[in-house]
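Below, subunit A partners subunit B and then partners subunit C, in two separate complexes.
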Partner chain A sequence: MDDRLIIETSNLTKHYDSFEALRGLDLHVPAGSICGFLGRNGAGKTTTIKILLGMNQPTSGVARVFGSTPDAEVRRRIGFVSEEKELYGYMTVEDMIRFTSPFFPKWRRDLEQRYLRKFDLPLQRKVKQLSRGMRTKLSLLLALCRGAELLILDEPTSGLDPAIAEEVLQAIVGHVANEEMTVFFSSHQIAEIEQIADRVVILDRGRKVIDGAIDELREKYCRVNAVIENGQAGAPVLHSPNVVRVTRKGRVLSILSRGGADDVVAEATELGATNIEVVPVTLKEIFLETVNAEE
Partner chain B sequence: MLFRPNPSSGVPIYLQLMEQVKHAIETGALMAGDQLPGIRPLAEELVMNPNTVAKAYRELEHEGVIELRHGSGAFVSPNARAGRLADKLRSAQPLVAGTVERLRARGLSEEEIRRLFEAELAAASRKGGRRG
Partner chain C sequence: MLWYKSWLETRWRFLIGIALLVCSAGASVLTWPQVQRLTPMLTSMAATQFHGAIGEKVREAAAFARTFRGYVWSNWFNQNCVHSVTLFAILLGVAGIVSESGGALFTLSLPVSRKRLLGVRAGAGLSELFVLAVAPSLVIPLLAPSVGESFPLASVLVYGVCTFVVASMFFMFALLLSTVFGDPWRPLLMAVGVAIAFGTVETIIRLQAPAFGVFRVMSGETWFRAGQLPWIGLLGCAAVSAIFYFVAASNLERRDF
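On to the complex of A and B.
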């Protein structure tokens, strides 16, 4: 991974009539990373992706891909796999490949052959007769073989069975391991982001709420559980700036911290808490707690 | 060789991978001089990010557990740290066995014992300033 930014946006906004789909989004995706893009339905993920592809214009702010405003030239260097795969139903798999490859001077015939075998795609079958999984694999093949420097995927595994989803993830990881490519993918599947991404951006109602290296998030975020006496009513107020959320169920106090446990443990001890334990939190918890804490 | 990091455990994956490599050395599954799988094949096999594997290998090299030889891959360090660790663990094992037995005798369940150990380790790593 180098320090070059492949995707960079600053203060990006997008309004649809009175609806604010994006409210000042800053993105920084370094070269060579696999960046997961997480958010609930309507958080603004697809809007962002369309802006990055130049298919949609921001209301204000700047989006840069490879350092340039997204245009046809930039798009040629991007492989894109969307939820609705852009394929022609009347074409066969072979037609689709023969039709797509001439648009890309860097088309990789070697990869085409490798992925055809790996994905077990039937060359003579019409696209409309392919299963959903097969269509995703064909779409991925077309995106990877064009020699793309950036792969953008919009919910690539949605509606796929776990075996095919794993195959798709493996192809992405394998490709990144062998070719120079940056990946930016949106997903609802937190587990698959945890599995293959090294960075994550969490979007909530058009705003970025989390952005960083996943391993750093795992190291910084933790949950401190403790027991407090019944005398105190409600959840106590903690002053450490690292506290994301404090919840209390009966005597059990649970504090999510975004900056390690030390401050929080010290404060909890001062409050007279006992049986203090520190446990790691999953990305799913970070996601749910952060999105809920914003409400 | 079987490495199996769990992406959903909340523990950084590179730390899990480091632990699993060390464990393989401690148990003798990997010996001094043995070659580890390459970063790319391992990332593909485990379906995980190559940068994460690379980070684990770099940290293991930093700790002197493995050696990265340019162009030829990663190898378990020849110094006999592994054997010493194995001995150290073997000699500590009766202590743990005794403790676990006494806790069982007090009626604690396996899960409760595990939680006690984990809480104690978490407390110790808080004081020591690092985990793992």
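On to the complex of A and C.
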């Protein structure tokens, strides 16, 4: 991974009439990273991706890919798989490949042959006759063989059964391991992000709530569990700036911290809490607690 | 490759159009002997039984039917060809990237500008429309000897060009509507509605102001009657087509997908 930013957005907003799909999104994806773009349905993931590909115009703010405003030349360097895996139903698999390859001077014939074999795609079958899994594999082949420097995948495994989803993910991981490229992929499946990403951006209702390397997030975030006296009503207010969310079940207090545990433990001790323990958290917990805290 | 895609998307509309128009043009020629037999009866009926505007129309039709050239122009170039080519121009113009049932995002992810996407779509459609406007009429000089007549090839080409230029305006109008609406049906219905409205208004004003009307330009009436091309009408339609195209390009450029 180097310091160059492949994707960069600044204060990006997008309104659809009165609906705010994106609210001041700042995104920085360094070269060589595999960045998972996590968020619930309707969080603004697809809107962001469409802006990065020049399919939608932002209401305000700036989006840059390879340092430029997204245009045809930028798209020449991008491989893309859409959520719906939309392709031309009236073309055969062979037609689709023959149609797509001339647009990309760096088209990889070797990869084309390899993925045709690996995915077992029937060349003469029409796209409309392919199953969703097959269509996803064809979409992936058409994206991976472009010789792209950036791969943008919008929910690549949505609607697939677990076996095919795993096959698709393994193909992505295997491809990225052999090629120098940056991957930006959206998902609402946390397990997928954990499996293949080294960075994650979590989006909630159009706003970025978390951005960073997954390992750093796991180090930075922790949960502090403590037992408090029965007499206190509700969850106590903690003033540490690292506190993300405090929940209470009976006498057990659970605090998610985003900057180490020391000051949270000290504050809990001052409140008279006992049996204080610090435990690591999963990405799923970070996601769910952060999103719930935002609400 | 975009040309190939446009061809695949419109080929059935085009091929069905060609087949129907060729059959219709051929039928116009082959019915000439029956028309010749009926013309004297029509002429006598027009003189005695029809009066006013209707009588005028019947007498005009009977007059056209006295010669093969008049009959072909009246029956084919002024009616069947004009109406059918207008319909197929609209059919070729509707749909496109905005209403693509599958693949719109894939197309937009290609390293191609939207202007080029529209340009290729328009270019492919206009090429097909040119063939639709000119090629079926070539059947007329080919089949005319079979009914003991002849028809000048030059006239076929002149009528074909007139038909093409005016039909291009309807094609571009449908193309423009297709950049506004996300389904193919509204552009189709609206463009057909506008064509019918034009035709109706033209039929009404023809009696008062016979020099005006796009379908009059489309049928090459001035060429038939006076051997003159309707330059002003043709240039006007071409200019309107260009305006429709630029508005469509500007619409598409601004559109979110």
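Convention: the second predicted complex is superposed on the first by the 295 of 295 C-alpha atoms of A that agree within 3 Å, B and C clash if a C-alpha of one lies under 4 Å from a C-alpha of the other, contacts with A are read in each partner's own complex, and residues count from 1 in each chain.
The rule we apply is simple: contacts are C-beta pairs under 8 Å (C-beta built on N, C-alpha and C of every residue); 3 or more make two chains touch, one makes a residue touch a chain.
Because the structure is a prediction, the values reported are computed rather than measured.
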item	value
Touched partner set for A:Ala191, first subunit B, second subunit C, both or neither	first
Partner chain in contact with A:Lys126 - subunit B first, subunit C second, else both or neither	neither
Partner chain in contact with A:Arg205 - subunit B first, subunit C second, else both or neither	neither
Subunit B versus subunit C as contact partner of A:Glu166, first or second or both or neither	first
Subunit B versus subunit C as contact partner of A:His28, first or second or both or neither	neither
First, second, both or neither for A:Pro102, with subunit B first and subunit C second	second
Shared contact residues on subunit A - subunit B and subunit C	none
Residues of subunit A that touch subunit B when the two form their complex	1, 32-34, 166, 169-170, 173-174, 176-178, 191, 194-198, 214-216, 218-219, 261-262, 265, 275-285
Residues of subunit B touching subunit A in the complex	7-15, 39-40, 43-44, 47-52, 55, 115, 118-119, 122-123, 126
In the complex, subunit C residues that touch subunit A	1, 4-5, 8-9, 101-106, 108-113, 116, 254, 256-257
Residues of subunit A touching subunit C in the complex	50, 53-57, 71-73, 75-76, 78, 80, 82, 84, 86-91, 98-100, 102-104, 127-128, 139, 142
